[in-house]
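Before I ask anything, here is the structure I am working with.
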Amino acid sequence: MTEVMLTDLTKNFPSGARPSVDRLNLTFTSGKIHALLGPSGCGKTTTMKMIAGILQPSAGEITFDGASVLRVRAERRGAVMVFQNHLLFPYMSVGDNVGFALKMRNESRVVIRARVEEMLELVKLPGLADRRPKQLSGGQQQRVALARALIVKPNVLLLDEPLSNLDAHLREDMRELILGIQRQLGITTVFVTHDQEEAVVMADQIALMFDGVLHQNAAPDQFYDCPASERVARFFGNINVLPGTYAGGLFTSARGAFHAPRAAITEGPGSLTIRPEAIRLGRASAETRAANQMDGYVLSHIYKGTHARYKIAAGDLVLEVVTAPEATQLHGDGDTVRLTLPPEKLWVMPRPA
Amino acid sequence: MQFERLKIWLMLAPALLVLFAVFIGGLGFGIARSLNYMPIIGLTQPNFDAYIGLFSLTEFWRSLGMTLYIALTSTAISMVLAIGAALLLRRAFPSKRLMTFLFSFNLPIPHIVGAIGIMFLFAQSGFMARIAHGFGWIERPMDFLVLVNDPYAIGIILEYVWKEVPFIGIVVLAVLQSIGDDYEAVSQTLGAGPLQRFRFVILPLITPATLSVSVLVLAFTFGEFLIPYLLGQTYPATLPVLAVRLFTDPDLNKRPEAMAMSILIAVIAALMVLAYMWLSRRIVRSD
Amino acid sequence: MTTAQFLTKPIASSRSGLTLMGLLRGAALVLLALWLVGPFIPMLVWSFAHRWTFPDLLPKQWSLEAWTYVADPAAQVLPAILDSLLIAVPVTLLSAAIAIPAGRALGLHRFRGKRIVEFLILAPNIIPGLTVALGIQIVFINYGLDNTIVGVILVHLVASMSYAVLVMAGVFSNYDPEAEEVARTLGANRFQTFLHVTFPAILPGLVVASLFAFLISWDQYVTTIIIAGGFVKTLSILVVAAAGGGERAITAALSIVFVGPAILFLIIASKYLTGENSSAGGLGRR
Amino acid sequence: HFAAAQTVDTDWPNMPWDQVLAEAKGQTVKFWHWGGDANWNKYFDNILGDAVKDSGVTIESVLIDDTAAAVNKVLAEMEAGQKTDGSVDMIWINGENFVTLQQAKLLFGPYTDKLPSFANMDPNSSALQFDFGHPIEGYESPQGSSQFTMSYNSALVAEPPTTVDGLLTWICENPGQFTYPALPTYTGREFVMEIMYRVTGGYEQWQGQWTDEKKALWDQKSPMLWDALNKIKPCLWREGATYPSDKAPMDDLFANGELAWTFSAGSGESAASVLSGLFPDTTVTMIFDDGTHASNHYVAIPVNSPHKAGALVVANAIMSCAVQLAKNQPSSVGDLPSIDIDRCPDEVKAGFAAINYGVGGISPAQLAAVPILPMGGPELAKAIEDGWRVNVLEK
Amino acid sequence: MTEVMLTDLTKNFPSGARPSVDRLNLTFTSGKIHALLGPSGCGKTTTMKMIAGILQPSAGEITFDGASVLRVRAERRGAVMVFQNHLLFPYMSVGDNVGFALKMRNESRVVIRARVEEMLELVKLPGLADRRPKQLSGGQQQRVALARALIVKPNVLLLDEPLSNLDAHLREDMRELILGIQRQLGITTVFVTHDQEEAVVMADQIALMFDGVLHQNAAPDQFYDCPASERVARFFGNINVLPGTYAGGLFTSARGAFHAPRAAITEGPGSLTIRPEAIRLGRASAETRAANQMDGYVLSHIYKGTHARYKIAAGDLVLEVVTAPEATQLHGDGDTVRLTLPPEKLWVMPRPA
């Protein structure tokens, strides 16, 4: 129920050459789940720490529901954070770790004990309350850290790779736990994950950063359908990018011209992109290519049971195409093929000069 | 497992060796003497006379009270101030290096010198009194506050605090710096305010080291002779002053009593240290 | 603003330099500094004073008499410095060598009898030096160790080592031995592991422990005079003797000389006391 | 008596001085003495050290803060069977510590009659007979003598009293400016004894052996002393709630003007303190009209000293005219000679005559003008010490 | 080039109720890549630490090339481990951390510096040699830990979730780095991952543990094709398990009888399993069901672009079926469908009573 807004947020570390976070403008909508994505070292943790209030921004503003929190101490902000490296209190039992936040609110011992048991149950660690953190496995520690944060009902929940050490099953359970609590209480949640798929599945909105700079902040499918730049497209696993120029709905490239009604620019140099699933693969024929078609030959392909994945060379470009598994009976490595790129699936992005 | 245990004892071996080779033997002689066994002056029948003699002295009991009061008060004050100073000093600030150096500056100054310094400062004719005179607040030395050789042992406690605050503080500082800020940050996002961070994060982390050094302070302030001798009131004197008086008594027959007194000091200090460790661990752990 | 706020970490304090809290901190620091050096100021003045009576804030007459005396061979200052160093340095090294394994055992491990060992090691600090020194003297006479530097070193070692062990036990209780495991798998043998991993991690604590060990030996009076009075003379024997005589100027000058080498040690150690390499040590574990 | 000493196979009593000198050559004498006074330390090392240098003897000072340290050392060595190779060759000693060591048969002697410089002494001098009323029997040799004197700050005391009664009155008329060191310190006890002689009706009754009658007398008369002391107690510094722990802290208070009075068992000490800049130059030293105590200080040689010959040479040098003169200078220690000056060569006599006792000093003539009161025995001293604690301090 | 063999390896922690590792018998073949898989807390880290020599087994034997190493100190075993929680030496620079192992071998400073720069390059952290570990992001720290381990040529490489904090791209790069080094030098490599897919892609052999006990040790596809137990199948994401009894090649269940030539048992109670992709989906018809067919109705389905995933209810069972995306045009939610389970794709596992 808290809207977190970052305005020109910047962090320079004394020893860092570049700002670790560079004029970040970003709004985390109240009650939604946001993913913070980006390659290692792009500034995700730094951003979160500034929101939590344990790192002082070098410049910029952070507001919660419109009010600046720069002068509000971390413990008053109501932003709970799960740290990437767990950071359990080593001198406390697991139970005391989980119950820490309640104790800080002077809850009664009985209440704390009951809630702790409940939380440990939820993170599938019942009965470990008396252990010391050191006596837990890596994944168990991570879940304790999660339980410690989830036990309170914060305004803002900041999760820094909270599930990175868990196997698929636990991961799914924990995701559901987080989602459940988030939905029930409408907590504004920001989480970092290195797993795009997780981000896509869990988040209402994804913010993608590179080198401290925000590149796109949008709903998950937007990153596939209309990535903001080639770099964004590639980060989301799409290598199908053609350089060219755009004008009047027509994209002209070394591989031919394409009708592309959807574009982030009106004209000028641009990059054309399309999802691998959207490209249709056909036999190359003597017929002249229709609009939005191009020829290439199969570099390699993999059969994946549920689908097939082709790498197609077209001039100096390599495109990826995903087809139904049956396609493998038609096209083998080295075959010349014709690709059809449906106009409504195309997207033109700006291209830096 | 067996091997692990052996390793632990091997690690302790040098320390225990020194202890047994040098210390325990000496202690044995001391105990023998306290039991009135000292053939060189013709005492060959061990008995408990020396102890009984001490227990029947009112001065012994009053001294005991005084000694306990001084030791407990100075240790408590030193510990609190030391932790405060260490917390103050661990943050980066412009003159940090200098301050930390100043903070540790009196570590190498021996207690006796400290006592002289305290006397120079706080005696009724000391530096402070002279400043007071300069302001026209006092006329003669006797108008100034009684801070040295006073009935409440303020002078003694001042000296101990002056000397022991850096002693404990430097250890606390070293520990604080090795801990870093991370745990405090975590607790802060979990809603712990400044006091709570101190109570539930910093304190448990610094407790082991703080305890080990403040226990040393406790034992020291209980057993020290020179400082109460120089800065204390004549009566009641502290137990060590009493012991040394017996010890330097020209009458050799007082030696067993002197030894008995030292042994008693040790036993009482040991009990006190045990109680102290037990209590502080409980206080910090109990929650 | 509470005192605690003032003392604990101002994680998200404001960016501007001058705040109320900053001022309070500053004031507290200045007070602390004054309190710490306070007793030393009159001492310095006294060493150059010739008659300094109430109510003069500064002596009317300055003089170098005290320093002349200190320089006089009759004052035995130079041989005393040598003897003091000859004792304190080995005591420090030995204490450190003993305290590292023992502190580790006590700080990192739980084992049966630990409490007893802790207590035994604490004992030399509880039992007055006089009580044992006379007995130790008799033992030493039998071994021919009385009146020797070695004997004095051994006696000082008991007290110094006991301090050092306890400090190191505290240090090790915050030490994470897992880093050593990493080093071992990377091919470091025990010695290399110690040298490159353990040692730097415990170094600040070890420096503190050594400093204490040094100072304790440096300060010892009773045990020195009992074990080797007349054969080994240390600065502390000189200072105590002077202090008993009540000649302030000379006591002050001797005290300053006495403190000098220790301050030197402190300066060397201060690099570690100021926490420049604060990342040392594991994350506060127990 | 001589049993312990006979463990040494040398035939000391019959050894001629030449042989002593020969044996002493090259020896280093470990001289344990109070190290609290720079002037004394300089005297031992420079004046005395130079005096024995020609004999090939070196003095090594062992500075201690209490004679008991030396006593305990000898005791421990003997206890451990270190009967010939002890580490104490010579001790500055007197009074009870002497009695203690002598009674435990830990002293070498008798040796005083061997020393050539004893020719400088009046053979009938009490300094050779009794120490604290205890017979010396040749087991210690004098270093010098001292007489109890009072010093006051003339800036604070306009009309100094000249008798003990006068002093007692003055104390209560000027509260807070007088005190005395807590007993059992030497100086404190000396002061109390001065009072005791006056309030109990003279010193004569306390002379001689400590018999049962003496004890009875003490029980009868001592309350007079306690009354007198308790009467001045509220007028003392800090209203008598505490006492300086020794003479040095009392001197400190005097130096700083907290006290108007100090006193000393040695008449030259105040002058030395003025000279060294400790005492104000308004210090004046006086002596009671009806006299004060005088005592002597001594050196003794422990029975297990390995350098007895060297120690004898030192003891001898101490009593030489030149050393006694040098020591009497206020710029040195201002210690009164134990020798009979008349037996010294003329230039020494002239030297004594030429001494200027300086600011805060008191001349031999002034001292000679009043009687010398003898010291009480050790038992009396102990009775005073014990009684004072119970009847004055703890009251 | 080292074969690691674990025989009845057991670890009891004093405070643990159950053994953390329980009579483990496992061989890590020389020069191969092995994955150690299992849910959080199953004993993976414990096993690795025992192999590395930094944890003493409670019982059992570890041999390297047939020779027991129980009495060989960690630094002599030549087994390098990357720890789950990075554990960089905090007071050393990044460069010194990476060069640590070389320094232990007394390599010259010049050599170390060059190799360190090279390794940092390989883990994509050029130029960070002078930083302190604390000044790195989580993923950067993890890569430094990896570089530190890979700089030497160990006999055995033990990697405990070495990539858990990295995004997909870096992960792939790092995988290739590990594989490259492993192949080039033939190091016996064991790695832990919480990501099955990663295990399947990277490992020659996977060992799967539950609660300290080894459940299956086989090539990756075996876990899909012939899982050792229902639990194994479920861990690998396969929920298609039917209880029944097996005899003479015929599996009889409440859902009918199935020809199943492949089986881990000869007869008795068993569980039948089949991969979701292997089930063929057809229209239910009035025709009687042929052998190896069963009917059900569509509970739900998702279209995934490259394929479609159906949940089918058949009696009290729920089966998962993956089809080509086109199937969605044929079958909607609630439709009754007929499933064909080809005999050669079926697998019968033992079923605990």
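In this document, chain identifiers A, B, C, D and E correspond to the written order of the chains, with residue numbering beginning at 1 in each.
Assume a contact is a pair of C-beta atoms (placed from the backbone, for glycine too) under 8 Å apart; a residue touches a chain by one contact, two chains touch by 3 or more.
This one's a predicted model, so the numbers in the text were calculated from it and none came from an experiment.
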item: Shared chain contacts [chain B and chain D, defined touch]; value: C
item: Which of C-D and A-B has more C-beta pairs touching across its chains; value: C-D
item: Chain closest to the middle [Cα centroid of all protein chains]; value: C
item: Mean-CA-position distance for chain C and chain A (Å); value: 55
item: Centroid spacing, where centroids are CA-atom means, of chain B and chain E in whole angstrom; value: 59
item: Between chain E and chain A, distance of the C-alpha-averaged centres to the nearest whole Å; value: 24
item: Separation of mean Cα positions, chain D and chain A [Å, integer]; value: 93
item: Multi-chain contact residues (two or more partners), chain D; value: 66, 72, 79, 249, 252, 256-258
item: Residue list for chain E, restricted to those that touch at least two other chains; value: 134
item: Per-residue multi-chain contacts in chain B, two or more chains; value: 4, 125-126, 141, 180, 182-183, 185, 188, 193, 197, 205, 230, 247
item: In the complex, chain C residues that touch chain B; value: 2, 4-5, 7-11, 25, 28-29, 32-33, 35-43, 46, 53-57, 97-99, 101-102, 104-107, 109, 111, 117, 119-128, 130-139, 154-155, 157-158, 161-163, 165-167, 169-171, 173-174, 204-205, 208, 211-212, 215, 218-219, 236, 239-240, 243, 248, 251-252, 255, 258-259, 262-263, 265-267, 269-270, 272-275, 278-284, 286
item: Chain C partner contacts - residues on chain D that touch it in the complex; value: 30, 32, 34-38, 41-42, 44-46, 49, 60-66, 69-70, 72-73, 76-77, 79-82, 87-88, 246-249, 251-252, 255-258, 276-281
item: Complex contacts: residues of chain B adjacent to chain D; value: 38-41, 58-59, 119, 123-126, 140-142, 146, 149-151, 229-230, 232-235, 245, 247-252
item: Complex contacts: residues of chain B adjacent to chain C; value: 4-5, 8-12, 14-16, 18-19, 21-23, 25-30, 32-33, 84-85, 87-88, 90-91, 93, 95-97, 99-114, 116-118, 120-121, 125-127, 129-131, 133-134, 141, 162, 166-167, 170-171, 173-175, 177-185, 188, 193-195, 197-198, 202, 205, 208-213, 215-216, 219-220, 222-223, 225-226, 230, 240, 243-244, 247, 259, 262-263, 265-266, 269-270, 273-274
item: Residue ranges of chain D touching chain B (in the complex, touch as defined); value: 66, 68, 71-72, 75, 78-79, 95-97, 99-100, 104, 176-177, 182, 184, 237-238, 241-245, 249, 252-253, 256-258, 378, 382, 389, 393-394
